[in-house]
Amino acid sequence: MENKNPETPRIGVYVCHCGTNIAGTVDVEAVAKWAAESLKHRGVVIARDYKFMCSSLGQELIQKDIKELGLNRVVVAACSPHLHEATFRTACKNAGLNPYLCELVSIREQCSWIHTDKAVATEKSKAIVSGGVERIRWHEPLEPLKVPIHPATMIVGGGIAGIQAALEIADAGYPVILVEREPSIGGHMAQFDKTFPTLDCSACILTPKMVLAGTHPNITLLSWAEVTNVDGYVGNFHVTVKQKPRYVKTDLCTGCGICQEKCPKKVIDDVFEAGLGYRKVIYTPFPQAVPKYPVLDRENCTYFQKGTCKACEKFCPTNAIDFTQEEEILNFDVGQIILATGWELFDARRISQYGYGRLANVFTSLEFERLSNAAGPTGGKVTLRDGVTVPKSVAIIHCVGSRDKNYNNYCSAICCMQSLKFAHLVHERTGAEVYNCYIDIRTAAKSYDEFYQRLLEEGTHFIRGKVAEITDAARYPGEEGKIIVQVEDTLIGKQRRLPVDMVILSAGLEPRHDHKEVARLFGLSCSSDGWLIERHPKLDPVATMTEGIYIAGCVQGPKDIPASVAQGAAAAARALGKIQQKEVSMEPIRATVDQDKCSGCRICNNLCPFNAILFHEDRMVSEVNPALCQGCGTCVAACPAGAISGTGFSNEQILAQIDGLLLKNIKTLEVLQS
Amino acid sequence: MKYGYYPGCSLEKNAASYHVSAMAAIKPFGVEFVELDDWNCCGATEYISLNLMASYALIARNLAIAAKTADANQQIVAPCSACYLNLSKTEKYLTESPSLTEKVNIALKEGGLSYKPGNMRVRHLLDIVVNDIGYDAIASKVTKPLKGLRVAPYYGCMIVRPSLPSQFDDPEYPVTLDKLMQVLGATVIDYPMKAHCCGGHMTQISQATGLELIRQLLQSAADYETDVIVTLCPMCQLNLDAYQSDVNKYFKTKFNIPILYFTQLMGLAMGIEARDLGIGKEFIDARPALAKIGVEVPETAKKKPSKEELPMPKMPEEV
Amino acid sequence: MTTTDMALKTSTTTKTSFMEEVIAATPGESRLNYCIQCGTCGGSCPSGPDMDHTPRALFAMIRAGMKTEVLKSNTPWYCVSCYYCTSRCPQEIHITDIMYTLKRMAIDEGYFRESTAADAPGFSQTFIFYVENFGRSFEMGLATAYKLMHHPLDMFAVIPMGLGMMAKNRIDIIPKRIKAVDQLKSILKKAKELEAQL
Amino acid sequence: MSDKFEPVIIGFTCNWCSYRAADMAGTARMKYAPNVRLIRLMCSGRLDPTFVLKAFADGADGVLVSGCHPGDCHYVEQNYKMLRRFHLLIRLLKQMGIEPERIKLVWASAAEGAIFADEINKFVEQVRALGPLNWGASKNGSEKVMVQETATEVPA
């Protein structure tokens, strides 16, 4: 295959020793020598080896050759491109060579580190270098794409992570649209009484932030609303939001609460009270709700069911009730999006041997949060489900639905500390004996293990064993009327039966039930567990593979309040960074359609998950929007006419690399010579 | 619908009433069981404790016979939980492991047989009754509902655990038998021990352990004032029934709970006579409980044999 | 070989660890090496209170290579095959199957005689004697032969139940026999040869 | 080096999961067979069947294709699109007289270096057992025919 590039390639090959990391297994001098001789006819002008190519001296070596030998292509054989591709491209750029004319091939992770036979590893390295040389011949100079950034940011989810992100961006002076599905922001944190490990009152630290978010001049707060569509790309997203009808005119409502007081119908509150309490049909989930306007639950409303009642309307002093309100569709242009949609509680009924739903005094963690909450259904009094009896003994079960192949593989991260907090609250409120049944106590954060120490001091009984079953079948005297927790105390190697009055299941955290739809809506991907995937698990934990969309809080994986806040702030910082740049440069790895070759078959149209391919009905050809295209190349591979090509990963480049890797370039020469 | 029928050793004699009542109860629904020709014992839980390959070969012989039985429609019904588990588990492991299948086939070849796993559905009798016949069809045939009879459905272990491909109910909190009993008009008690162990072979190996497990079960059912415990496995029936007096002696308790097969109650509700359902063979007399629903069981010759009595002659097979 | 296997190999000095032996002798993927010692099995086991080691403890001992102690344990013999452990295990370990493996190993290597359940194999062997020679199990023979061999004094205790079984016509006095006993015998003979080669 | 046949295998990885799995195997110094030479694509969805045919024509004895696990694709679902193509490709290879065992698909997440290494070892043995392909040589010069013309896509 001959190069169609007009330019005659002048290629420099640089083979790195990486100390002994590569040189220990690969004869790097031999590789460089071979490249200089055997690939000369392929345009290799110079081939060198050096101790550490990535050092400034190594980079200078390349830069010097570019200038002095007039190199127009560079191949570096060293570590993985994920480590140093940017380093060498920048070095080339600084020497006046377009950075995309530099290719880094890996002979460390892909060769020296995984093999032991030096001869074999050296031969493989030669093939890898040869592949790089053939490939770079087809590279073209590329320029990053520049896209303007709209200064507004949309934040989806008004829990603590979303609130934090909203405040950070708003305080920096940029507009935020905060969308919350429930009537009030606050999320799960608003349901808690105390927060570990300091035992601050959750409401005391959360409500001021909620109020700020509700009143901030730069924040548009949309509660009782959901995102229904997302179009566009980084810097220019168009988001459609459905505002569900509140049946309350927010411009008239003062939040006085008379409607709630007068509403004659009570229903079980499955959301805020976790099913442990009641709310009215017209309601704010809790007194400090933000915004303060109530929501009328149409499904349960007597007026909507039977056509009479209207108590709320009759008593409203400002005539704010409006039964004719309808769903509204709102459209927003934003530059970036932060997703902070949070988590849901594992359904403990799935573990039928734990008896939740059958045994009255088995509670979930969220139920206990409400039970212990001063504003909860019992006013903070810890009682059995009869609402009166104070338990004398309580068992707290860790890892319910977590670390279990039958349910969720992952550790829910917060349950150990949460269970310790519960143990403390039970001690404090009831003086009951408390048994914590755990597999491992995981208290790996600042001041967490100290809290564990404190619980030991308080006399909590710690039993190391995953609970086998919870039953009301009394077997021995003393078990009648109790709930019996059967567990192996693994530290003594014996089965134990703990007769207790109350059991709290520390149920794990799960992705929201609609996580798949959310991922699809925003063009993101989730792991097999259902959590959204970050761009890099360590080095880029809040960005996603979609430019301009970030994730914060538990939507990325189970985490506690401090970590959620940190991620909210981190996501905001990433968004602010882009806003300040006013425009964003994007990797120019994109697909393009040769309009002359396109037959208009539209096969590519449906393949693109980012809707980057438009079809021009008038001309019957497809076109790729470079700002939407993420460069995966699926359309390139699919185009039957060969009309689509991918910059950075073109057919020519890859086919040439195959030739190179199989040393076809050398063999052809040998055939010619013979 | 026709199925291959694997009665298992117990149903030949000890649990003959299970076999008789099952046949009587399914007959009105047009379901036909074709007994596998010259089947052999499944090895219970004992053979696998001694010899792995032999135990798989033993069970595979039955699977091979079933596969050859045209009328079996690639389905085997086992009324005994242990037989069901052994057949189903072997089918699963053979399907998953070609090397195990290869060895088993080398052994089968000695007997002129071979078996290709992957197509056989092994099913418990209860599965056929509740899923293939169905609650609605059964409800339509109930002529004498078990009104007022307090029934404790007892599942035991091996039809609900481990999770095999043939599993049809929850491993911890099964409900199919509960629903069936409700359809028959009984008052079903929801007691926590319904899927716990009946003691299995522990009555033989460590009496104290075995009797304690039986006691726990009887205690829980008695706490809920049950009239009768209904089972679906001959081993469970034998343990709870035959050892009940030993439990009473050992723990100084006074349990007197009859243990019947679910097919027997099904038959009664459908108006079949007690004597045609093998009722009367239990150690714990079921007559007082059944009298509550107006079922009369004809007197059997003997109530309690005394020590002096000589063995009875072998009786002819029941119809 | 998976990398897990490699890690195990290097962590022990012996050529094959006891745990590897147990895994190799268990059909299917036993997942024994995934045990996190949570105790779900020990907590669930109906005979747990009477075992000298809970299943969990036994697995730790297998890991530690305590072969003699493991095979002398009464734990596998007290397993009632209720499958609660297997069904509940958060690591999906085939615990019941491993118990069967340990029983076979204990018999093969003779350790069972030293366990507190020394008679249990006798029960299995008596049961199987009838299965192998008649194709069917035989309760009467099982009860008398096993009791006579292992608990002669209990023989009198089982008489009332035996008589009761007879009175209710629930027990055969002579064993039933399948037609193709010879065919079955040759199948089992071959299977045992294959087992011995393992 | 022994005299046994050492197959040459071209491996295609995606940029996000499987290439990183290979990196991970390297970083962890896992040792595995040296017969595979990798080409990094942005996504397994980029895999044009032409690439595979080209590799065989150029003398490769086997081709390894790898991507993110289903559901984990960094481009949402492009690995599924590759999967569809992969099945068609196997049919095509059969028609061309190439044993389907010469091509293998491996899902590997960025954390599964061990799995990646294991799968490569297994695949190398599999291809070794098949022996050399010599497809390019036997077709002598006809390789140009199969480049570019064979890439087809079945609509979703």
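Letters are used for the chains, namely A, B, C and D, taken in the order the chains are written, and counting of residues starts over at 1 for each.
Just so it is clear, contacts are C-beta pairs under 8 Å (C-beta built on N, C-alpha and C of every residue); 3 or more make two chains touch, one makes a residue touch a chain.
These figures come from a predicted structure and were not determined experimentally.
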Reference subunit A; chain at largest CA-centroid distance: B
Comparison of A-C and A-B by number of C-beta pairs in contact, larger one: A-C
Chain closest to the middle, measuring from C-alpha centroids that were averaged per chain: A
Length of the line joining the C-alpha centres of subunit A and subunit B, rounded to whole Å: 51
Separation of mean Cα positions, subunit C and subunit A [Å, integer]: 48
Rounded Å distance, subunit B centre to subunit C centre (Cα mean): 23
For subunit C, residues that touch 2 or more chains besides their own: 84
Residues of subunit B engaged with two or more neighbouring chains: 172
Sequence positions of subunit A contacting 2 or more other chains: 353, 469
Touching residues (chain side subunit C, partner subunit A) in the complex: 36-45, 48-49, 53-54, 56-57, 84, 88-92
Contacting residues of subunit A [partner subunit B, same complex]: 351-353, 355, 358, 469, 471-475
Interfacial residue positions of subunit B with respect to subunit A in the complex: 170, 172-173, 190-193, 216, 219-220, 223
Touching residues (chain side subunit D, partner subunit A) in the complex: 1, 8, 10, 16, 19-20, 22-23, 25-27, 29-32, 34, 37-43, 45-51, 54-55, 58-60, 69, 71-78, 81-82, 85, 110, 117, 147-148, 151-153, 155-156
Subunit C partner contacts - residues on subunit B that touch it in the complex: 9, 12-16, 38-41, 43-54, 56-58, 61, 82, 93, 96-97, 100, 103-104, 106-113, 157-158, 161-163, 171-172, 196-197, 199-202, 204-206, 208-209, 213, 242, 246, 281-283, 302, 305, 307, 309, 311-312, 314-315
